[in-house]
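Here it is, the structure, as structure tokens.
Note that the chains are named A, B and C in the order they appear, and that numbering of residues resets to 1 at the start of each chain.
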Amino acid sequence: MENHSLVQRLIARPEFGPFVLLVIEIGVFWGFNHDFLSPQNISNTLAFTVELGLIALAMTLLMTSGEFDLSVGSLFGFSPVLMWTLFNGGVTSLEMGFVVALLVAALIGLINGWFVTQLKIPSFLVTLGMLLVVRGSALFITDGFPQRTWSAEGSWLAEALVGDFFIGPFRIYMSLFWFIAAAIALGYVLTQSRTGNWIQAAGGNPNAARARGVNVNRVKIGLFVLSSLMASLAGVISSLRTSAANPNSGTGYELEVIAMVVIGGTALTGGRGTIIGTVLGILILRVMRNGIVLIGVPGLAYNIFIGAIILGMMALHSWLERRHQAGT
Amino acid sequence: MSDSPILFVRNVARRFGGTVVLDDMNLVVERGSIHALVGESGAGKSTLTKVLAGIVRPDRGVIEFDGKVATIDSPNAARKLGIGVVLQQPGLFPERPVLANLFVNREPVHNGLISRREMEARSRDLLRQLGLDVDVHAPLGDLGPGERQLVAIARALLENPRLLLLDDPNSALDQRQSERLFAVLRGLKARGMSMLYASNRLGDALAIADQLTVIRNGRDVLSKARQELTASEEAMIGQLRQSLFPLPLRALPTLAGTLRPQITIDGLGGGILSAVNFTARAGEILGLAGPGARDLLALLFGLRKPRRGKVRFPDGDGLPRTQMEAARRNICMISGERGNGLMPNKSIAFNMANVVVGARNWGSRWYSPQAALGRAARQIEALHIRSAPEMPAGSLSAGGQQKVIIAKWLEIGPQVVLLDEPARGIDIGSKQEIYALIRQMAASGCIVLLHSSELSELTGLCDRIHAFHQGRLAGEIAGDEMDVARLLTLITSGKPVDENRRSNRESSAA
Amino acid sequence: MTRTETAPPLAGSATHQTRRSVRLPAETGAAVALAALVALLGWLSPSFLEPANLLSVLGQAALPGLLAIGMVFVLATREIDLSAGAVFHLAATFTALLMVAGVDPWLAALAGVAAGAGLGLINGLLVIALRLPALLVTLGTWWMIQGLSLVAGKGQTTAPPGADVLATLSGKAFVVVPAAGVIFVVLALALHVVLHRTRFGYRVQAVGSNPQAAAHAGIPTSKVRLLTLVLMGAMAGLAGVIHIGAQGAVAPGDGGTFALLAIAAAIIGGTSLSGGNGSVIGAAIGMLILQAILSAMTLLGVDAIWAAFATGALVVLALAADRLVRLWRNRRAGHSGDNPLG
């Protein structure tokens, strides 16, 4: 085997492409509008980015195992709504409401996982249906109206999750640290733990994995639960930060999250995943969204971009896969 | 260490849908010995291996391991008993590094994290013994098929099983790798490991086994110690197939002479095939053996693009560019992979109409299920397919399925028939019928090319055989000269027997 | 040539008792389910059984129903088209905008259907060019088309003035039957014949059952897939045009759940997700079942706010039920485990 230099090995990594893309993108937008890299813009962008990012991290693991979860957006909106309804109705404290919301989310993840592994229904369809169920539930609880949310200054939960402080001119939220912690933890799990190997095996060749004793079903169910939990957590964080709880929020997030994961280099068909790549993908897409608004493109056109990007990345991966196969 | 056998298999049976794969199978593996399980493809070796590995559960029967009745209902159960397995399709992960593949779900863990260093240490010796000199951090997909098979074997050996099951473990290995493997296996036997070695190569089995069991149609027909095998028994096992083949038909008089339709191949290269020239004529079965034969068939069917060379088909055109174009031009490919030719969930009638209805661009735009049923009934009658036209094709036995695949082409009368191991996995009786069908097709004016890795199949069925050696045409044998040994020599050395002997004498004299 | 006449039954061959029983058409199950459902709902709320109500259910089922019968062809080739709802919406918006711009309503309608077919064509070309499954391609195009709709309609309800002319589409044939319903029924019957009695339909089933075998037999698999997606787009476009005619306007949320409903209806009707078979009439009945449940809920006093929840739950339950029935049937036939030889 040839000895590749450090630089050559860096370039060969799947995360290299997204990294270059991110750098170019930031450069382009900054060129258009210097405000782009202002502390205020960065702080604002970062705040929301980490919320979506938490979902993307979980989605990375789920997609590596070969499944998708399209219900995350609806859970993002549903969980805070549930929490606030319980609180406003005097049923529980805010913290208990939070726990209840997480438990409900876990249950939904369990149901998703059960349908996919036991009934062998494609995860796309199950979670698409679940999306409607959860969204409908959110609308029902609130009658379609946003919930009242007191400014959660006093609650220690809010402090822990979204307490903010200033580092120099940058306004940082606690959620950023939660995100970093999650990224490190999940990254380690995926690459350095047996569980991570199970996930990759389940996505790469589930029959071979089962023949070696890997409990593919349990792994997938666990990942569905993780995905729902993250979506729920992200929604609560967002709600506490913006002091709002709208049953319709989160609409469309699932696709953006999938796009983030795919751009980062995780294979669509499963078997291979990268957390670092997802982090890059998160930044690429959020920077894009922020940037095109700054430039003045109508926000509604963002959807078209996302769709095109998803298609483009899928095609690219598919082409690379085929070239790799042909070469061996 | 006790002297009792480590494994008893009694009356094990298993069927899949309509096919009986194992039927009252019995086997005894002595402790610390290598037991060979010999049989044709389709005899049931792989299924028995999977039963013992916990991947498939038997319908009936008793398995005793180490003196106790064992219920092997999952791969984990097999592992706990101390059974390791190397399957025919080993279930590897090509995108992951070799090291990861060696320890799938058995990774050594320190403080919750996988210890790659320990994995490297544990595997280093074994890989060296097997002759695998590879970068363990590179993806498995970078290795060749032989090396990949060795990785699969290494994976099983790393668990130090008490009973090792091997299903055709050297199918992708060359001579040298095979010998190395056998040396390793003998060494392990000396240290007390018992082995069940399933293969359809009698030569390998005789070389390495202490005991031998012959399996045929899911039953054990002979079980003896290697030492006790008489010469006639050995010959019988090897010759089990000779009775299968119909007498070769003389070419029909109307097709005699050079006016017969033919394929002319001129300097064709692609895949591992390099510059090949020959002509194939209608009315005879042309055999292809050795590395490169498969690529030739793929080129002729439009599955592969040629690097160079020209081909001329009877219809005047050159190589088809896609398999669809090939089928449109009445060039058909019938392979042992029945997945490529059969729609198992659709009825037999539907399948038979594949080419007639599905592939035509002229003629009626309508499809009549009634006509399809009638068509299927005719073919079922003619080909002795034991079923009814409305039954799903997947419910047929392997032999029946292959007959349906052939029948759908007989409907339109192909000009070229490419066969790639057509009788693989089929029971003896149906094999006979299919061989007869192939003969019929040749006699009725098709150009028939047959590739098989079972050389005796070729010598029994073909009129001429082209042998390939490393992608080049090494020679042709026909008529009386056709025997397996001569063919094998051509394939492995590229030179016919006489030249070989001469060069051996020269080198030994020098 | 030696031939063994009656070969003794060998271990490897299958022995079948060929049952020459009369086989009911596959759609009977769905039809029975529909009848039972209508009876049940009628018992729960007698006004459900009023002819005007039943016909209104038919009329409402017609639009997603057109998508469902198109989806059958796509599912039969083992693909899924998630963008159908967005195509519906864009076609409707496109038609409305053309009418606003003064184009003759019938011409605009034609353009709408053509636009739908065109979008289906793009889906198909992308599937071929990118060599990706339609599921993933239409995931991306779903978003893009939705984005296009939003930009074109500026996120608001578009109500073209000339819609009254198209109102014949909202009118009634035979006094009581909604025109949309008539179109739905006619097309369902026509497409059923196409699937089961034409060469195209045969090829669709062949490609879905085993694409490799179909290719080996000479069937142009890519072209077949492309045509099913074009057909799907055309049906979605047609539905969009009828929507404008019937409702007179198209709102941003319209058609959002249509794709999912269409898939569920097709599955209820007997089309399987693993491809190779399909029942158009079954899908039509399936859509009637779904719509009946949804309409009944309003009648029973359930809040309209439950619509999303109900749709999602229905879809998931339909998928689950289909899978359970399949498993039960397989177990009865004695198929267990996987075939190592196949």
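By our rule, contacts are C-beta pairs under 8 Å (C-beta built on N, C-alpha and C of every residue); 3 or more make two chains touch, one makes a residue touch a chain.
The chain list, named the UniProt way, goes like this: A = ABC transporter permease.
This one's a predicted model, so the numbers in the text were calculated from it and none came from an experiment.
*Asks:* Which of the two pairs, B-C or A-B, is linked by more C-beta contacts?
*Replies:* Top pair by contacting C-beta pairs is B-C.
*Asks:* Would you kindly say which chain has the C-alpha centre located farthest from the C-alpha centre of chain B?
*Replies:* Between chain B and every other chain, the largest centroid distance is to A.
*Asks:* Rounded to a whole Å, what is the gap between the Cα centroids of chain A (ABC transporter permease) and chain C?
*Replies:* Computed from C-alpha means, the inter-chain centre distance equals 32 Å.
*Asks:* Once you find the CA centre of chain B and the CA centre of chain C, what distance in Å lies between them?
*Replies:* Each chain reduced to its C-alpha mean, chain B and chain C end up 43 Å apart.
*Asks:* From the C-alpha centre of chain A (ABC transporter permease) to that of chain B, how far is it in Å?
*Replies:* About 46 Å separates the centre of chain A (ABC transporter permease) from that of chain B.
*Asks:* I need the residues of chain C touching at least two other chains; which ones are they?
*Replies:* Residues: none.
*Asks:* Enumerate the residues of chain B that touch no fewer than two other chains.
*Replies:* Residue numbers touching two or more other chains: none in chain B.
*Asks:* Using the touch definition up top, name the residues of chain A (ABC transporter permease) that touch chain B in the complex.
*Replies:* Listed in rising order, the residues of chain A (ABC transporter permease) that touch chain B are 1, 188, 192-194, 197-198, 200-201, 204-205, 207-214, 271-272, 324-325, 328.
*Asks:* Touching chain C in the complex: which residues of chain A (ABC transporter permease)?
*Replies:* Result: residues 115, 119-122, 124-126, 128-137, 139-140, 143-144, 255, 258, 268, 298, 300-308, 310-311, 314-315, 318, 322 of chain A (ABC transporter permease) touch chain C.
*Asks:* Which residues of chain B touch chain A (ABC transporter permease) once you look at their complex with the stated criterion?
*Replies:* 53, 55, 74-76, 79, 87, 90-96, 100, 104-107, 109, 112-114, 134-135, 138, 141-142
*Asks:* Under the touch definition given earlier, write down the residues of chain C that touch chain B in their complex.
*Replies:* Spelled out, the residues of chain C in touch with chain B are 1-4, 7-8, 10-16, 18, 196-203, 205-206, 209-210, 212-221, 274, 276-277, 334-335, 337-342.
*Asks:* For a test of understanding, state which residues of chain C touch chain A (ABC transporter permease) in their complex under the given definition.
*Replies:* Checking each residue of chain C against chain A (ABC transporter permease) gives 80, 82, 126, 129-132, 135-137, 139-148, 150-151, 154-155, 257, 260, 263-264, 273, 303, 305-313, 315-316, 319-320, 323-324.
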